[in-house]
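See below for the structure under consideration.
Lettered A, B and C in written order, each chain numbered from 1.
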């Protein structure tokens, strides 16, 4: 064998070994670094410095931070994390680098305010972020919507919510329902119809799959709430009529209290317990449901927010 | 065999040391370390932070620039300028040449990094007036920077084995930039589907993982670097450099020299 | 013993950007160089001389064919300890001094540490660079660089030395010195293989030459064979200014200078011209053989190869 062939074979084998080795160690390093990378963001006191250090490549850096924010939230959300400390800073940096990145403000509005594992439980930060967005984009009606959304959904401050929707409705090109939302907020704030309208609006007006998925999950929960309330009322009515608890759903239907066997948004029939409680067959498919849950059931985040979008 | 590799390495080292580019860049870094002192005085609590951040970033960035310049100059230019003819007409194997160059280059950069790090430590001493235990972590950061250099040198050699000096410098620099965002690239790859996912995942794992070798921010805040990370990063850097060098050898063995 | 041998050594390049076309830099070459001789490799620029040398040095890989140096396969790395190479217009590491350069090369060639210093001194003296041994090479003139190149080629006392255009860039003094050196090397029993396009040097030095053009070997032989009167001419000088008409049939070129005529014609017509002059009652002054110089031979050979190439291509 010529020396050249020998070298070729040795080098090739070594190359393959090193390639395998480098990928192996890379994955190990990655595993150690997952929290490290993004927690570094907490050290950055001034997003303005990040902008300066970007040397003019703000757009690209904004995109990178945006990607990190989404990934950060997604992975922690799936891991049922109890805190999302880096989310606000990440979004703050993203929007400092690119103030016109509207989806970042939307993301903050949707996921900074709710409680873990659905959000960072930081509604005040959410408000601050969206206000910052409004300053930079006064003609983005959507941001006023997001502001109103936070006040309505999390803080339950219906006056502020109405005000935000009102401001937004005056922006040229605003969606007509802004006016409707503003008008109805005062009277019907606590109504399920309101909630449904708001979530439907969020779903239809956003293009981010996380936000849409989240909205759909909420809408499904609202549907469940409506269903369970109706069925529960039927059970009560049955009890008043017969003095007994209904044995099953068919009895309710036969008694004319329900049009048919009630099914949940997934098509599975609701259960009727022996104590007369209405329950979902698979509560884990409805993360935001407040009714129809077995006693002592704790809400868990869905495995994949994308799943909710169909 | 080893004697020849050693000769080539020593000669490479000597070449680099006599090249004035090296001195200018080192001087610049030392200057920056000095400047860091003034910048830090803008806010009293973060003097130390700024010195470490700015100093180590300068060591890293300029070190990479040096690595690329000298790396390309020492191999690509050598091939192009035909100094190589008289070397290869001797009982020197082509692979010995690559390996010797690599050791000479890395040796130069290690010395380089140490010189520049001394500058950073000097500036640190000036602003903090004494060292604390956590400052030892700065050495870890410098060590990681050296590992970055090792990878960059190996890549510079790889590209020099088949490409012109200019293109080699461009490719190496490009991989340095992309490698600094390799974690983001992997994150991006995880979010895509289908063919794009396959392609971007492949790329994300081939690109050098330089972002993990940058611990400047945590070290500036006095955070310790876990030993496990040091070990794995070292092994990674060695494996990656080994891969690039083997590639360089395979290509160079076959190359017709103009 | 055959020092250098090539067996159908050939090189074809693929040139072009989109559609690659083959360019034959060297047609299958069969050459043998005896040990101890000075062998010249002649040809115009681009003939394939440097390509051949680079293949023998292992810098370029042949498309086909093999070679042997001192009986061993030319790819054997160990054989390289026995050969020295001076490339055309060599470049060296600018920042090294001559001494350091030779020390480096000495290490690479495996010259033991003890021997290295004395050998370096000796070689420097031989090429006349002793005074500047501590000067960095970037300050060297072209001639000095050439000498440094020769120094590194003979430093490790190789048995076979390859020079590519060793006289290029040298002034006449320098060329003389290099020629003397090459003669000395032969005296020491070394084989010298050098390529050049300067024919007078080849004529002066070589035992044998090979003529190559456009990648094709045209002729190999001893210098005197090639220049001797195979196509030799004679110069005939007679008194007067009369040029007999019959001379035209004898393929003669005549020049009248003052009171003599000088005619150059092929040797085979020598007797015919003597008879002619006697008949015309012209007084013969001298008949001298004219040796073709290598240059003339060279030009003739190239012209004819051009013609045949033109006819074919």
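Keep in mind that, in the parts below, a residue touches a chain if its C-beta (ideal position, glycine included) is under 8 Å from a C-beta of that chain, and two chains touch if they have at least 3 such contacts.
As the structure is a prediction and not an experimental result, all values here were calculated from the model.
Q: Measuring centre to centre, with centres taken as mean CA positions, what chain is farthest from chain A?
A: C
Q: So, comparing each chain's Cα centre against the centre of all protein Cα atoms, which one is closest?
A: Of all chains shown, the one whose C-alpha centroid lies nearest the global centroid is B.
Q: Can you check how far apart chain A and chain C are, centre to centre, with Cα atoms defining each centre and the answer in Å?
A: About 84 Å, centre to centre.
Q: Between chain A and chain B, what's the gap in Å when you average each chain's C-alpha atoms?
A: Roughly 42 Å, centre to centre.
Q: So what's the Cα centroid distance for chain B and chain C, whole Å?
A: 48
Q: Mind pulling the residue numbers of chain B that touch at least two other chains?
A: In chain B, the residues touching two or more other chains are 93.
Q: Give me the residues of chain C that touch two or more other chains.
A: Chain C, residues with two or more chain partners: 77.
Q: Please output the residue numbers of chain A that touch at least 2 other chains, ranges allowed.
A: Residues 3-4.
Q: Can you list the chain C residues touching chain A in their complex?
A: 75-77
Q: What residues of chain B sit close enough to touch chain C in their complex?
A: So the residues of chain B in touch with chain C come to 3-4, 7-8, 11, 14-15, 18-19, 81-93, 254, 256-257.
Q: Using the touch definition from the top, list the residues of chain B that touch chain A in their complex.
A: Chain B residues touching chain A: 93-95, 181, 183-184, 186-188, 190-191, 205, 209, 211-212, 217-218, 221, 226, 228-229, 232-233, 235-236, 239-240, 242-243, 246-247, 249-250, 253.
Q: Within the complex, which stretch of chain A touches chain C?
A: Within the complex, chain A contacts chain C at residues 2-4.
Q: Within the complex, which stretch of chain A touches chain B?
A: 3-4, 7-8, 11-12, 14-15, 17-19, 21-26, 28-30, 32-33, 36-37, 40, 43, 64, 67-68, 70-71
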